[in-house]
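Each structure below appears as structure tokens.
Shared between the two complexes below is subunit A, which pairs with subunit B and subunit C, respectively.
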Partner chain A sequence: MQETKTSVVEVRGLTKIFRDFWRRPKVKAVDGLDIDIQRGEIFGLLGPNGSGKSTTIKILLGLLHPTSGAVTVLGRSPRDVEMKKDIGYLPEESYLYNYLSPRETLDFYGKLFDLDRRTLKERTGQLLDMVGLTHAADRLVGEFSKGMARRIGLAQALINDPELIILDEPTSGLDPIGCRQVKDLMVTLAKRGKTILLSSHLLADVEDVCDRVAILYNGKLRAWGSVNELLQKQDSVRLTLPLQPPDRMKEILALVREKIGASPEVDHPSMNLEQFFLEVVEKADKAATYQSGAARSEGVAKYLSHD
Partner chain B sequence: MTRTIAIAALAVRAVTRSHLFITLATILLLVIFALPLAIKGDGTVAGQMRILLYYTLGLASIILGVTTLWTSCASISHEIDEKQIQLSVAKPVHRYQIWLGKWIGILVVNAVLLAITGVAVYSYVRHYAGSPDLGAKDRAALRNELLIGRRLIAPVAEPVDLDVRERLARLKLEGKLTPGMTEAEAFAQVKKTVLIEQSVVTPGQSKRWTFQMTPSRRITPGKAPVSSGEAGEPAVTIHFSFASTFHDRKRITGTWIVAKEDGTETFRFEMKGWPDGEHAFFVPESAVPAGPVTVTFTNAERSQSNTAVFDSEKPIQILKHESSFELNLIRSLIVILCQLGLVAAIGLTAGSLFSFPVATFAAMSVLIISLAGHYFIFTSSSWKYGGEKTGTVTETVLRATSEKVVKHMEIVIAPAMELAPLSPLSDGILLSPWFTGKAILLLLILYPGFFWLFGSFCLNRRELALPTI
Partner chain C sequence: MILRVRQFLTLAGLTAVEAIRQPICLLLTTACVILTGLTPLLLLHQFGEDGRLVRDSALAFHFIFGLFIAGYAACSSLNREMRSGTASAVLSKPVGREVFFISKFAGIAAVVCAFSMCAALSTLLAERVAEKFLEARMTWITDVHTGRMLIAAPFAAFLAAGIVNYATRRPFESTAFGLLLVSLLAVLFIAGSFDEFGRIAPFDTRVQWRIVPASLLITMALVVLSAIALGLSVRLGTVPTLTILFVILIAGLVSDYVLGRLSSTSNVAIVMYRLIPNWQNFWVPEALVNGGTIPLRYLLNAGIYGAAYSAGVLCLGVIAFRNTEMK
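Coming up: the complex of A and B.
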């Protein structure tokens, strides 16, 4: 049976021109953009700085008005306030109030979603635990490092258990552990049917988690499709074998040469630096007794990890 | 409402967690306790206290007003500049809720600071009034004239319209009306002349005013004011001011008689007073019972040049004790809070439209134009009688437009300007519930309501994530 996919975000012919004081066109930040984001997918918006990623996101949130084109988010206009009940947003910088503690920050944003006191308390505790800041819950955000503030930013974006999560450069400023956790979180949320729009110029992050991507340059859509489709070299195949004795290896290579008429490339698969780093930190973490920065959390907040 | 309250609580935290709150509270307390040492009064204890109340509360209001303007301008514009508003607007919050929440938050902070100011002023006044250095006369003066809430009762207006119409018709016939003046303007001018003529009391002549006294509505227990000579008996004050036609200032002698409707005399006061000053005498409360009461002044001078001319608009007033100083002070503080509420509304609206520095200049301009409004209105009303209006078509159109603008300004500004609580408070004049209610209605609901709608509309249309230059 084929699953029917519904669009969570629909953008048709979106154009945004920034004007100067005298209303003269200054910059065309987005130029005739068309995208569809389906329910339950992780959609990556890729592009270099100034390519129009953040502008598109801000239009989706009603923070900017399109010059032309049509935009619907969760079936409604971006300026519809009620629609925002189901959206979580992490901006490219955290933009938090320095005079609030993480607990007060989550309490404030939770109240903007009209969450009841009990739910708010439960979620605040779970989110602080998830982002590893329970021990710093009552310190002022102004005293935090960029990475710690980023973690609070992420927590506030999830306080309402949103249907659509818009993450603008979510791993910016995070250490590799934090980056991995954010990526794991995205995968977990997508499994629960949540839709995630990820904007980033860190290609590895996007490649790791995204189902589909759109690449923007100078405000225009240059490429789009599933990550596998875009990255796979359809004209070649990689074969991975257990380590073989040299004699047998020669036999195998000879056989392959005979069959395909060309020499195959041979190398040893290696883990990437991220995986190596995580292994080192995991060992060190087990031996540690004191923590001043963000702590290693035990996983995703309970309310975010089950249906 | 939860969202608005959350934003209000955030605005309160923004102020209380900065140095602003402590600094402001300290400055206010310094003003209250240090300013009295720098002010020299008119030599009387009541005068000194009157000036103290007026200036300390006045200066505290100015400090709070300026701070409120600055805070309210920054509150929204700074959040837009710092981009924190982007997170709030991405939540299910209407922009009018953001405006309203900020306004409530600023109002709460002002209410707390005003309460601190009020308690400090009250403590100071009570400490001063209870000082053992004060004589019995000074204490009585404070109790009778200042630490009290006295209702102002004006005389019943005499019907003069018939006289005015007759005189107007005569002037028209004689062609003596100022050219270019409208019918209404001419009527107002002639009426003013008639009233001035009726305020003149030549030697040997009498002038009578009628007051409609209501039963005593004293709502606060405690000692009623007493006249200095009749300890223990409640008294009312008859307050008047007059000028003299005598070219050298000379005291005028005369007799004041208070009588019931049937002519029965209830009180008599022999006066010998300097012209061009404020005068008052006490009358036992029993002498001015409920119902019509007449007060007659007879000029006892013999020289024709020694004519008394009473103020045509406020010739004489009866001041009757109705409330306590405490209640009056609380009402004054409420009215000041309402004024601060309006200032905050202007600042927030400016902040919704412009960046912080521009918003501050815009809000200050609105306030200055409003405060100077009375001057513009006065000046423009003087022009009206300045002779025939001539000039080019452009000048005529400009003049007509400016007159219309000033007229509309008057409608908006004048009611707000009348709501000044410090002068009556420092004169021991009652700030009635109606006065306080009018302040709440105009300065806390109606005008801020307009700014709320306008500010929310502007904020709603504004793109909050435009690239900064």
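Coming up: the complex of A and C.
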């Protein structure tokens, strides 16, 4: 039997106009936007700076009020405070209290969800471990680098084990290891049935993890669909072979030319720079004895990884 | 309902901790304590009563420094949070805007009360120092031992906070703030074990406890000012909020004299007289002259007036905040 997908986020004809002091229209940040996000998918909201991504997210969270259009999140209005119990939000900038430590920060956000003391303590420990900041758990967040603050921002977004996770530029300021971990985390969470809305202008991040994307420009939806559909070249095919001796390679190319009547392109597949970097760091990490910044973590927090 | 109460307490606690951990809060409180402690040494004149000028000056320090703390704490906890985005991060959780706003007020009021305790203790001790006593050899002396301890208290608190910070990495500012209060209480206790001539004597604080209601009234005024500052900071930044607070403070202090007289002839004056908080209700050092006291009934009435005014301002603030967009 085919599984019926349910919409977690429904946006119809959403328009947001910011006004000046005299209530005159100043800028149309979002213009007639329609999107649907299904349960369990990773949905990418793509667009250049000022295209309306963050505005859309803030409307979904009830932080901004739409000028027109209808929005439901988890079947409720964004103004419904109760709905936010099932949402985790990582803002574009890591909006943290500078005079709190990471442990105090997670404790604070956990209490807003009324988590009991034991659960809160367990989750705080697991999340600090996951984002590689256990060793810096009692330093003030105000002393952190942007990347370390970003990691705490991500941890606070997951403290309530949310159904819908909204990540606004989650890899901004992170090193390549952190980026990889965030992307792996998103995939793991999606496998557990969590829905993720990822807003980014880093195309590689979106391409790596998203099931579907919507591309915004000047507040309007310009393109949307599954990543494979949008990116796949339907009129060509790639064949990857183990390395062959030169003579056999010539034979193969001759055979292909004979069958298709055109010369195929031949090159050596290469790993991308991210993979290469991760290998180098992994080797260095095994030899390291002291850590001042964010440490490499050993995967996803337990409570986020089991069904 | 229980969740809301817990959220309220969590947010109020965070607001208080964030405010106390800001260096400006510690600096203002320390400045108030040291200036109050120095007042007996600097003021050589008196208005027919030992300690009156010191007492009046100390209460004025309490009011002015408290105004800055209330204004700054309100702006930094709401307007700055709205601009920096921490308010958005909190409001993206299941937290109602009214809970957020009122808890901010509660946190700031807690900080104002902690500051007021430091200021009130300093006032009590400074007034004790300023009183002159006739010794057996017929020379007038003052209680310099208490004065020295009062001046030393902030430095002792800073030193202890530095050691605690070194040993445990606890934030210096909040530790120093707490230890300042503890050190002032310690001075009160130690000074109570000596008489005015520095000799060990049966325990008696030897301070004018009748000053406490006057300090309490100033604390109420500061709480009302906190509510006004918080309401203003929904839309305004720190400088405009502090400027308007000063205008309201001055207008409220002269409202009896200016608006009170005009209110018999002008409707505008009547409205203004009712709208502007009357600070004269909270500023009553004259009542302490020549051993005078402030009646409990007066305290209760002033408390009801302050609570009603604060509630009104907070209601308007909540309405404004509910419709404010978080950018």
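Note that the second predicted complex is superposed on the first by the 307 of 307 C-alpha atoms of A that agree within 3 Å, B and C clash if a C-alpha of one lies under 4 Å from a C-alpha of the other, contacts with A are read in each partner's own complex, and residues count from 1 in each chain.
FYI, a residue touches a chain if its C-beta (ideal position, glycine included) is under 8 Å from a C-beta of that chain, and two chains touch if they have at least 3 such contacts.
Model, not experiment: these values are computed from the prediction.
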- Item | Overlay on subunit A: subunit C relative to subunit B, clash or fit | clash
- A:Leu253 contacts which: subunit B (first), subunit C (second), both, neither? neither
- Message: Touch test for A:Leu112: subunit B only (first), subunit C only (second), both, or neither?
- Response: both
- Message: Just to be sure I read the superposition right, which of the two partners does A:Ile17 touch: subunit B = first, subunit C = second, or both, or neither?
- Response: neither
- Task: Could you say whether A:Tyr89 touches subunit B, subunit C, both of them, or neither, answering first, second, both or neither?
- Result: both
- Query: Of the two partner chains, subunit B (first) and subunit C (second), which one does A:Asp138 touch, if any: first, second, both, or neither?
  - Reply: second
- Query: Do any residues of subunit A touch both subunit B and subunit C, and if so, which are they?
  - Reply: 58, 61-65, 81-85, 87, 89, 91, 93, 95-97, 99-100, 108-109, 111-114, 156
- Note on the structure: In their shared complex, subunit A is touched by residues of subunit C numbered 2-3, 6-7, 10-11, 14, 17-18, 21-22, 84-86, 88-96, 169, 171, 325-327
- Query: In the complex of these two chains, what residues of subunit B are touching subunit A?
  - Reply: 2-3, 5-7, 9-10, 13-14, 17-18, 82-84, 86-94, 463-467
- Query: Which of the residues in subunit A come into contact with subunit B in the complex?
  - Reply: 18, 27, 58, 61-65, 81-85, 87, 89, 91, 93, 95-97, 99-100, 104, 108-109, 111-114, 156
- Query: What part of subunit A is in contact with subunit C in the complex they form?
  - Reply: 58, 61-65, 81-85, 87, 89, 91, 93, 95-97, 99-100, 108-109, 111-114, 138-140, 156, 160
